[in-house]
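Each chain carries a letter (A, B, C, D, E, F, G and H) given by its place in the written order, and its residues are counted from 1.
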Amino acid sequence: MSEAADVRLDVSRGARTNVPEVIYGAGKTPEQIGRIARELYAANGFALATRVSAEAGEALAAALPSGRFHARSGILVCGSQPRSGQRVGVACAGTSDLPVAEEAARTLEAFGHDVREFYDVGVAGIHRTLAVRDDLDACRVLIVVAGMEGALPSVIAGLVRPPIVAVPTSVGYGASFNGLAALLAMLNSCAPGVSVVNIDNGFGAACVAHKYVSLNDAARAAGER
Amino acid sequence: MSEAADVRLDVSRGARTNVPEVIYGAGKTPEQIGRIARELYAANGFALATRVSAEAGEALAAALPSGRFHARSGILVCGSQPRSGQRVGVACAGTSDLPVAEEAARTLEAFGHDVREFYDVGVAGIHRTLAVRDDLDACRVLIVVAGMEGALPSVIAGLVRPPIVAVPTSVGYGASFNGLAALLAMLNSCAPGVSVVNIDNGFGAACVAHKYVSLNDAARAAGER
Amino acid sequence: MSEAADVRLDVSRGARTNVPEVIYGAGKTPEQIGRIARELYAANGFALATRVSAEAGEALAAALPSGRFHARSGILVCGSQPRSGQRVGVACAGTSDLPVAEEAARTLEAFGHDVREFYDVGVAGIHRTLAVRDDLDACRVLIVVAGMEGALPSVIAGLVRPPIVAVPTSVGYGASFNGLAALLAMLNSCAPGVSVVNIDNGFGAACVAHKYVSLNDAARAAGER
Amino acid sequence: MSEAADVRLDVSRGARTNVPEVIYGAGKTPEQIGRIARELYAANGFALATRVSAEAGEALAAALPSGRFHARSGILVCGSQPRSGQRVGVACAGTSDLPVAEEAARTLEAFGHDVREFYDVGVAGIHRTLAVRDDLDACRVLIVVAGMEGALPSVIAGLVRPPIVAVPTSVGYGASFNGLAALLAMLNSCAPGVSVVNIDNGFGAACVAHKYVSLNDAARAAGER
Amino acid sequence: MSEAADVRLDVSRGARTNVPEVIYGAGKTPEQIGRIARELYAANGFALATRVSAEAGEALAAALPSGRFHARSGILVCGSQPRSGQRVGVACAGTSDLPVAEEAARTLEAFGHDVREFYDVGVAGIHRTLAVRDDLDACRVLIVVAGMEGALPSVIAGLVRPPIVAVPTSVGYGASFNGLAALLAMLNSCAPGVSVVNIDNGFGAACVAHKYVSLNDAARAAGER
Amino acid sequence: MSEAADVRLDVSRGARTNVPEVIYGAGKTPEQIGRIARELYAANGFALATRVSAEAGEALAAALPSGRFHARSGILVCGSQPRSGQRVGVACAGTSDLPVAEEAARTLEAFGHDVREFYDVGVAGIHRTLAVRDDLDACRVLIVVAGMEGALPSVIAGLVRPPIVAVPTSVGYGASFNGLAALLAMLNSCAPGVSVVNIDNGFGAACVAHKYVSLNDAARAAGER
Amino acid sequence: MSEAADVRLDVSRGARTNVPEVIYGAGKTPEQIGRIARELYAANGFALATRVSAEAGEALAAALPSGRFHARSGILVCGSQPRSGQRVGVACAGTSDLPVAEEAARTLEAFGHDVREFYDVGVAGIHRTLAVRDDLDACRVLIVVAGMEGALPSVIAGLVRPPIVAVPTSVGYGASFNGLAALLAMLNSCAPGVSVVNIDNGFGAACVAHKYVSLNDAARAAGER
Amino acid sequence: MSEAADVRLDVSRGARTNVPEVIYGAGKTPEQIGRIARELYAANGFALATRVSAEAGEALAAALPSGRFHARSGILVCGSQPRSGQRVGVACAGTSDLPVAEEAARTLEAFGHDVREFYDVGVAGIHRTLAVRDDLDACRVLIVVAGMEGALPSVIAGLVRPPIVAVPTSVGYGASFNGLAALLAMLNSCAPGVSVVNIDNGFGAACVAHKYVSLNDAARAAGER
């Protein structure tokens, strides 16, 4: 997520890379976030900020045009994108991983996609994963979020057809080494079709999924050459 | 890549996960590889083995039905899959990363996709990357392979629209720590839309790309519900 | 596994700790292994050596009293222990982990226990694990061996009642870091009831399981105080 | 320890895995802990929460049915389990490791077992360990907790018959790297019969010990087949 | 940066090593910083302190002879050095890396050099780097500051002639490991002419650049021997 | 060092970056090295290859135009560059670090500079370093090579005026972790003016030094604007 | 430093190991420290506590018999030991390392030895070390404390005859990794006669030095056998 | 151990540092070792080389004046040093650690000291350590060598009065990480009086012990000032 927003907006980014410039809220003042959001909204009718604190988020959502704030994930959105009709699934095991999972889910919704959430499918009770297998299979891409031993992406990748973007989280203690254990597990998945983003990077996973499901139009032209 | 092939074939894997069972050739004898390949070919009219040595590969390609062997990547294929007409790009900087890049490229071809290779686009001479920018942009997915500092996926992700599957390689010495430097760089990419697979895992990247480009039919049914 | 065998045998070890002194074969000559095995056999009617090479193992098995050698695991046994009637399960995903799994299985058999082997139950095809769930549940202890992402112990621990001794293996490449990924995953298992031994230490896992199932007599006396 | 409690209780877990669902208190509000505890107590007549803060714990113990709180370990219990009559030992070297040791001890007591505590048996004064050797030997399982160099499990494993569940703690500074030194030492124990859980995971060690000592009934049925 | 300032000033350092003794402000009281600054200023007509807090810095700048304080970088300067006329560039990607970049820039200015700043040239939008290529090329040395994947030094080193002093920053999260990812990437740069200083060490990079551009006079004498 | 040489020569690199394309000999056949060397020599009257084996090097030196091979460093050179008259020092402690030190020295000579070698100046006998202090001081840049604890760059940086390019080597064992100890020491140098290249990267250090001493002409034009 | 003090005092430790039981103050309340100190003082006429906070230390020193507190090092002492007449040197580079150096110095004084302090001898100004060379040489043991690159023990070990106990400190930032860089450097010292204790462990170094200089009497008896 | 021997002998080292220059045999040809040994023997009547291969060692011992070679430790000695009458103990657990233990023992003997060896005292059978407690206590210094979990130095330090030089070895596998586990354990010893040298550095431990026991004369002069 470009830090350059504070300095000089990279206005061509959306057209160039299919992901619009967004605001990385951590370490920015509410004033900075608000100013950039207004600027982006003025240019594109849309702005999104991540990692916005609860206090700043509520106030900004009230002040910005068509603003809304998702407290658990820290996602702030103004305006909207056209609906894509594409279904993307977001899965995780429970409470602790929810902020990261919802960062992905809310970002994907803001980007116009249809999000299905599966939030109690941990490997310690595999029956819960099996129970939603068909629903997982009906998504075009799956984002699978897990901390601790990070086994969930491997298990799901062995059950269904969609590609999986795995997000390790820093949930855990001791030998989880702030998410390193989950990260390594996901990189070593024995089930093919899993790729990985940085620890706690729900936003990044959403961007990967977004690029996959929205690429069709861009690809069509090439396909027709 | 399932090891279970040696023990009991997971015959439903292709239907279940959209990636057929393949043979991980490292540590298997030519006889073992040949036997499993015949079994898979008999079942599906297709078999693929990775990390096959040059000696074993040439002999097996001659002996197996419609067998062919790609020496640089160690990929052995029998039979074929239907053509998808989907274009996938594979990019890397040069000589040392080629075995990994070609493991991805040959796997994708065997899976039926149209592969475009960009093999001299390192960041030390960025003009070469800029020169192929439109060709990169016309692919539905890009696999970007890099060792040493692993910067290429970030640079390309900032230039074009397709999602990027980044593959760190163990090319380098000293503080590359056998690919760790490239792996960490890719996980920390400042350009959104990059996800990462294990070090030297060209096959795994190909499976991720394959799942993305071949999902359309599966997704269509869900979209129509 | 005590190295002290070469120097001065710790003859009271079996009585003191419930695990007899065994021979760690790595780095010892066939002559050394044979000499110590004879000495232990003379004292206890039993000797066991681990990590014995195929060449040395076959010759030693032929030369030693009631000797037998298990080539895949490198376990050499002379004589026998009384049968315990206790059932211990050993599970792993397939070919590559077999040497470690069999080191555990052959050691447990030599120690007199009833071993059930489950060797194609990887997480990439969870139906195979579910199919043997009742058989896993009927064991008193389970040894679960896995390389790569090391997820199998977590999955099984969520399905059945026996305690699990998890053995990470060095199977994998790149970011498996010679078994570190599997080790960390197992230490962070989200399913309670899993404890872990060193990478590739099938023998050590067998000793833990042996102590659990054979402790009953020792415990009875204490229970009666 | 399942996080899923917050979302949807895994009610079959106790029957399925022999360890009931418990509440991981870290990061939960007193209200959340209280609500889940009541729900679990209503279902099973028993609830246990770990890592509960001193303030929350005292208040919750007063408010919950037959509630009690152990401040040093942060364990909160409502109701009780039937007594097993099984003896489990918990050993550590002293003050700093006590919170972890008591997390194990209080959990085992809540699960119905007879706990013997040995809290001044560090390797720097080995005579204190030798003095309680017979008492250690009379336990069915030993949980051995140690920080810094983590040598205590090895020393005890060389002296007595019960299996050992080793718990490294984050006690130490500098090159203890928050418990890594103790963890590695325990994984490399030269005395067989030691298995290891995550750093500071007293609860996890208690679950392993619980599974071992309570498995007899489950095992009996299998033994009789 | 010598800590010895607090104890006994190394008065010959500037003459001996071409870098005067400076004050490392972190962990020193405003009184200590002020006292040493006066002492150094009295001796050389110049003093510089790094990592001075905003509160201390403003007050000290007001109190010290010809003092000035740069809040973003924490650099405090009294007095001045003769102008060298040498041009040194400092480049980074944006907001988050600015404190480190400015630590380098303000130090170089205080040492008498002509600093050109390029603060929005991240690899995610390579066109911004290309746009300033000639200006970068016209510097005698370039300091390139980057966090996250640390790719910027490689990209610039492939475009221009000046040598590059690369400064990794601790900007990032998760697998950036507080700057380790950027550090390793820079050490493995595939473009020759890059050397690296410690994470966040903008001051150190400025000293390296200063030594290069001011060495001419010292070198001349040697050249004439 | 660009790998791209094998694929398509980056002919503008020398003009663009002030370091000509060179051949990284590791992993290339003598035929490949010979072919590229001839091509580069034909274009520029100069070619340099690093990490050439002794066998290949002697034969290639005999066969190539004005070829010469330096066995200890594995440097192969054809043709020559104009003499710069600039003095660069290369220092190390002794035998084991010599291959790396000479890789730097022979590269600098090939690039036309005047190299002074100081090869017995280890910190264990500081009088030897002090004895050559004036000679070190008369160089424009110093390359300081050290393995084990990597202290030499700090010691020299405290004694003399030239900037220092520090090269950690993989010389050592145990806790040197293949050069990591020396690398970290150099990055943490308490003496300002030290920057660092990759472990064993003598060639890279030479490129940095080369850029510094040869930049004057390029800088002059900018200075005159 | 034994934690057991809180639980049951190991009264025979001084006689048995030549280092009396001391109080590790970190994590203990002033009341706990005071109580144990009184108990130890009653038994031996001497008590020492380390890592005591400034507030607790002043109050305790006033309240305890012949108590004194050293604020910079956090050492609290009651009573005294007989003077040994043995000279031990403690060296470091400056301000930041002083708390650790003084922990060693104050402990040694409390144990009855003659301490010489050398606190401005960093490697960045080697002339200061050379200036005190004879004084360093006249000590029976040297404790050398250093953070950052940790080079000082190597430099001093190459200059003088006494053995060196090296103490890495956590002073530094970035790639010092909280003292890891200094620790590794000291373990890899190229000058023989250096051994190392844990990061920031000034007390531990003092114990090692104390054992060396006070062993003479114990050794004499053995020598006379 | 100085590498400088190959280049220019540091003839004053013995007088200056109390440890004579020795030959580090690894990576040197028999001719090089022989030449330097003769040179050192000519100067001092004594030469010692470490890490000499079995083949080279036997031949050199036969050819050099009063040469002898110790095959297990790889120590080659010519001539002798005066006897000191000082007793130094060397302890380890058994076979695998013997080469390192004997490197220490043979070096100490060559330096003139009285060495007592204790080679079967591992922590897995603590009675063997207790049995030699008085003999350990009668040494002036103890060198304690251990691989795997590295617990032996802590146990011995809690039993006896002499200071301990701990030597971790690379004996082990998996999570021993080539000696890292033992190294960390020793650095975190809970028993005071332990300092540590590099992994497998028996020679270095011998130098530390040598400096301690031979310092008396040097110290006496200082004591008399």
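Keep in mind that, in the parts below, contacts are C-beta pairs under 8 Å (C-beta built on N, C-alpha and C of every residue); 3 or more make two chains touch, one makes a residue touch a chain.
Because the structure is predicted, anything quoted here is derived from the model rather than measured.
Chemist: Touching both subunit B and subunit D, which chains are there?
Modeler: A, C
Chemist: Going only through chains that touch each other, what is the minimum step count from subunit A to subunit G?
Modeler: 2
Chemist: Starting at subunit C, what is the smallest number of hops through touching chains needed to reach subunit G?
Modeler: So the least number of steps between the two chains is 2.
Chemist: Return the chain whose centre of C-alpha atoms lies at maximal distance from the corresponding centre of subunit E.
Modeler: Result for max centroid distance from subunit E is chain C.
Chemist: Based on CA centres, what chain would you say lies at the far end from subunit A?
Modeler: H
Chemist: Roughly how far is subunit A from subunit F, centre to centre by C-alpha average, rounded to an integer in Å?
Modeler: For subunit A versus subunit F, the centre distance works out to 46 Å.
Chemist: Mind checking the centre-to-centre distance between subunit E and subunit G? Centres are C-alpha means, answer in whole Å.
Modeler: Each chain reduced to its C-alpha mean, subunit E and subunit G end up 37 Å apart.
Chemist: Provide the list of subunit D residues touching at least two other chains, using ranges where the numbers run on.
Modeler: In subunit D, the residues touching two or more other chains are 2-3, 93, 122, 124-125, 157-159, 174-176, 180, 183, 187-188, 190-191, 198.
Chemist: Sort out which chains touch which and give me every pair.
Modeler: A-B, A-C, A-D, A-E, B-C, B-E, B-F, C-D, C-H, D-G, D-H, E-F, E-G, F-G, F-H, G-H
Chemist: Touching subunit B in the complex: which residues of subunit E?
Modeler: Listed in rising order, the residues of subunit E that touch subunit B are 93, 122-126, 130, 148-151, 154-155, 157-159, 172, 174-177, 180-182, 184-191.
Chemist: Would you tell me which residues of subunit F are touching subunit H in their complex?
Modeler: It is residues 93-97, 119-120, 122, 124-125, 128, 171, 173-176 of subunit F that touch subunit H.
Chemist: Along subunit C, where are the residues that touch subunit D in the complex?
Modeler: Listed in rising order, the residues are 1-3, 16-19, 85-87, 137-141, 157-163, 165, 183, 187-188, 190-198, 203-205, 207-208, 210-212, 215, 218-219, 221-223, 225.
Chemist: Which residues of subunit B touch subunit C in the complex?
Modeler: Result: residues 2-8, 10, 13, 27-28, 168, 170, 178-180, 183, 198-201 of subunit B touch subunit C.
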